[in-house]
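Per-chain numbering from 1; labels A, B, C, D, E and F assigned in written order.
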Amino acid sequence: MVYLTRVEHFNAAHRLSNESWTEEKNLEVFGKCSNPNWHGHNYEIHVTVKGEPNATTGFVFNAKTLGIIINETIIEKVDHKNLNLDVAFMKGKFTSAENLVMGIWCELKPEIEKHSVQLHCIRLYETPRIYVEYFG
Amino acid sequence: MVYLTRVEHFNAAHRLSNESWTEEKNLEVFGKCSNPNWHGHNYEIHVTVKGEPNATTGFVFNAKTLGIIINETIIEKVDHKNLNLDVAFMKGKFTSAENLVMGIWCELKPEIEKHSVQLHCIRLYETPRIYVEYFG
Amino acid sequence: MVYLTRVEHFNAAHRLSNESWTEEKNLEVFGKCSNPNWHGHNYEIHVTVKGEPNATTGFVFNAKTLGIIINETIIEKVDHKNLNLDVAFMKGKFTSAENLVMGIWCELKPEIEKHSVQLHCIRLYETPRIYVEYFG
Amino acid sequence: MVYLTRVEHFNAAHRLSNESWTEEKNLEVFGKCSNPNWHGHNYEIHVTVKGEPNATTGFVFNAKTLGIIINETIIEKVDHKNLNLDVAFMKGKFTSAENLVMGIWCELKPEIEKHSVQLHCIRLYETPRIYVEYFG
Amino acid sequence: MVYLTRVEHFNAAHRLSNESWTEEKNLEVFGKCSNPNWHGHNYEIHVTVKGEPNATTGFVFNAKTLGIIINETIIEKVDHKNLNLDVAFMKGKFTSAENLVMGIWCELKPEIEKHSVQLHCIRLYETPRIYVEYFG
Amino acid sequence: MVYLTRVEHFNAAHRLSNESWTEEKNLEVFGKCSNPNWHGHNYEIHVTVKGEPNATTGFVFNAKTLGIIINETIIEKVDHKNLNLDVAFMKGKFTSAENLVMGIWCELKPEIEKHSVQLHCIRLYETPRIYVEYFG
């Protein structure tokens, strides 16, 4: 079993807030992240697949194909978008990094597993100093 | 003459658009950056000052003091903010990286030059692959 | 289960030596790291916690709270310190990266697990090219 | 159990192609990577070993010794080399990152496990955005 | 005057050798870089242009347009190529980083200066630890 | 004129203090950096030379030779050392990054200029977020 990771990135706006809370409660829990006028990030995403290297290519998976899938399935939906307003798979969810990585997992998994490879992990950097990982 | 640089960062939302243009024209020039629902970045800022090292400290400028000035003068005004809506020194300006670095220069210069040191350069990364520099 | 990591850093001096050995033996095993006048590093620490995202926030753990815990429990005790002389939780131990990461784990675990989240891993970079990981 | 990682790098040329295929088929599968005149990379390798810290040193393994083993066993064989033509342990294999990391594992494992430590993982970056991992 | 930089990258093979020298002389001067079977790098290129921000866009130059020019003029000619064999603008030159940055400058300058902006500097990383800069 | 930069690093301990001041005054000016038991850094140094590429090599300067000079002239004197106690060229000086970069300049300049190339700039990172530059 070999693990192959491809890194992509996107830039997006978002806001953390619980609509059922007062503004004070949101500020207390989410701090500056609850700014009603939004803020944003350069997100970086690491998508890891696993499998046996193919005998005729030496590849677990073609990294170019993996890049195309990530771009068509995820990047086109989130890049230069507002995660709270513009992204169908995040509708009705808090746009925390945790929920975002789980949402991305659900979008990517069926597209990747059409091919003979398993999705193993998604790592999502919200900033260079805060990141989340999800293994399904 | 020695040059001292301190690096800080902030996360903000913004949008590029010329209000006097049609949406089509904005899309043609600014592409995805004109999304009306905003997008955002992890900005990184490098502030460079220059001067002679002080004989009693060995410092051109106290890097801790420089950090406090950058934070009080800039970071508090832009971090987790919408550059188009929330930032007084960007009012009425396109929030391109070029205009932003010039706006930051004008805010920082008087605060830094209250001390016996000159502001030399501000470098602003919008993404790890796009940055601007301004020398006044 | 989602994993959340926050990165912090500190600068410290240390020395590797076994007091029961001769200077020659120390030099043979620890090389330049045994310099009696100390050397130092910019350490970088990645603290990973795991749990289920909270239904009212979308967070596994509030990253701001995690940062406060790491700073109060670890960074204040080691930043700009001598790891051999100034740090209570390293007293009587070799200040190898391995022992340091284990010491940090023991300090952090009870503070983090007061909250409804588990400490999963600590990764400690001694230099950009040498790092250790501990999972308890 | 503590995990210790040391990072090294090497620069090499290679080419991806299946000699039993037509040039068109190679181009379709391997794209630009099948250029008959070669291309190359700055590879970065992370070698992770695991074990209990030694009571007389605080080390899982001496990082200097680990560096010497990686350099003598791997770097000298691949640095500034053509992976398809010059490297004995890759003879007859596609020089994909997957096959390369498995080949490196087989070279390194016996050399490292002469010492009282286990080889845990090798991570190999082909570019900053594509990497593979192998755990044996 | 504001300076705008865009970063791109490419992967290429090359070899350093002076054909009029013996193999021994080449080895003495160029070391491992003279391997007749080639080696290679992940090159990173920083292209800096300068000008006044445009009053209707806030841009010195559209970073998207700059990216297209760099890709069409340079990256397509050098990416996954052999710099000694495949690149017209390097024919008959040693493929040192110095000659390469000067060759890239001559290709890029007329394409960039068709627009109302000046090419200021090209920085070329051969490895993360060796880079060259050229200002014309 | 082409500029060539080579990056090296070293790990050292130091302390900032003015012996003619009280401990309180030192703490006020230098903060945690005045800890009498030292602290330390992973320093990174960028040495830039400039000149015309040589017609028989394509080099402004042989990067391997530059690396040897930096290592023999600087790294061996400062790596795993105490900058206040162990380094002859810093004796009697505050070990601020500013003074250190000027001290390194004076050591390197005559060694580099024995060759047909000029020393242009030294950039010294004390941390990833604080660096100084000196041009002589």
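Criterion: contacts are C-beta pairs under 8 Å (C-beta built on N, C-alpha and C of every residue); 3 or more make two chains touch, one makes a residue touch a chain.
On a predicted model such as this, the values are computed, not experimentally measured, just so you know.
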Intersection of contact partners for subunit A and subunit E: B, D
Chain pair among D-E, B-F or C-F whose interface repeats that of E-F, sharing over half of the contact pairs by residue number: B-F
Numbering shared by both copies at the subunit F-subunit C contact, with half separating same from different: same
Of D-E and A-C, whichever chain pair has more C-beta contact pairs: D-E
CA centroid of subunit A to CA centroid of subunit D, Å: 29
Separation of subunit B from subunit D, taking each centre as the mean of its C-alpha atoms, in whole Å: 41
Two or more partner chains touched - positions in subunit A: 31, 128
Pairwise chain contacts, counting only pairs that touch as defined: A-B, A-C, A-D, B-E, B-F, C-D, C-F, D-E, E-F
Complex contacts: residues of subunit D adjacent to subunit C: 1-8, 48, 53, 56-60, 62-64
Residue ranges of subunit A touching subunit C (in the complex, touch as defined): 16, 18, 29-31, 93-99, 101-102, 128-135
Residue ranges of subunit D in contact with subunit E within the complex: 9, 11-14, 31-33, 35, 37-42, 79-82, 85-86, 127-128
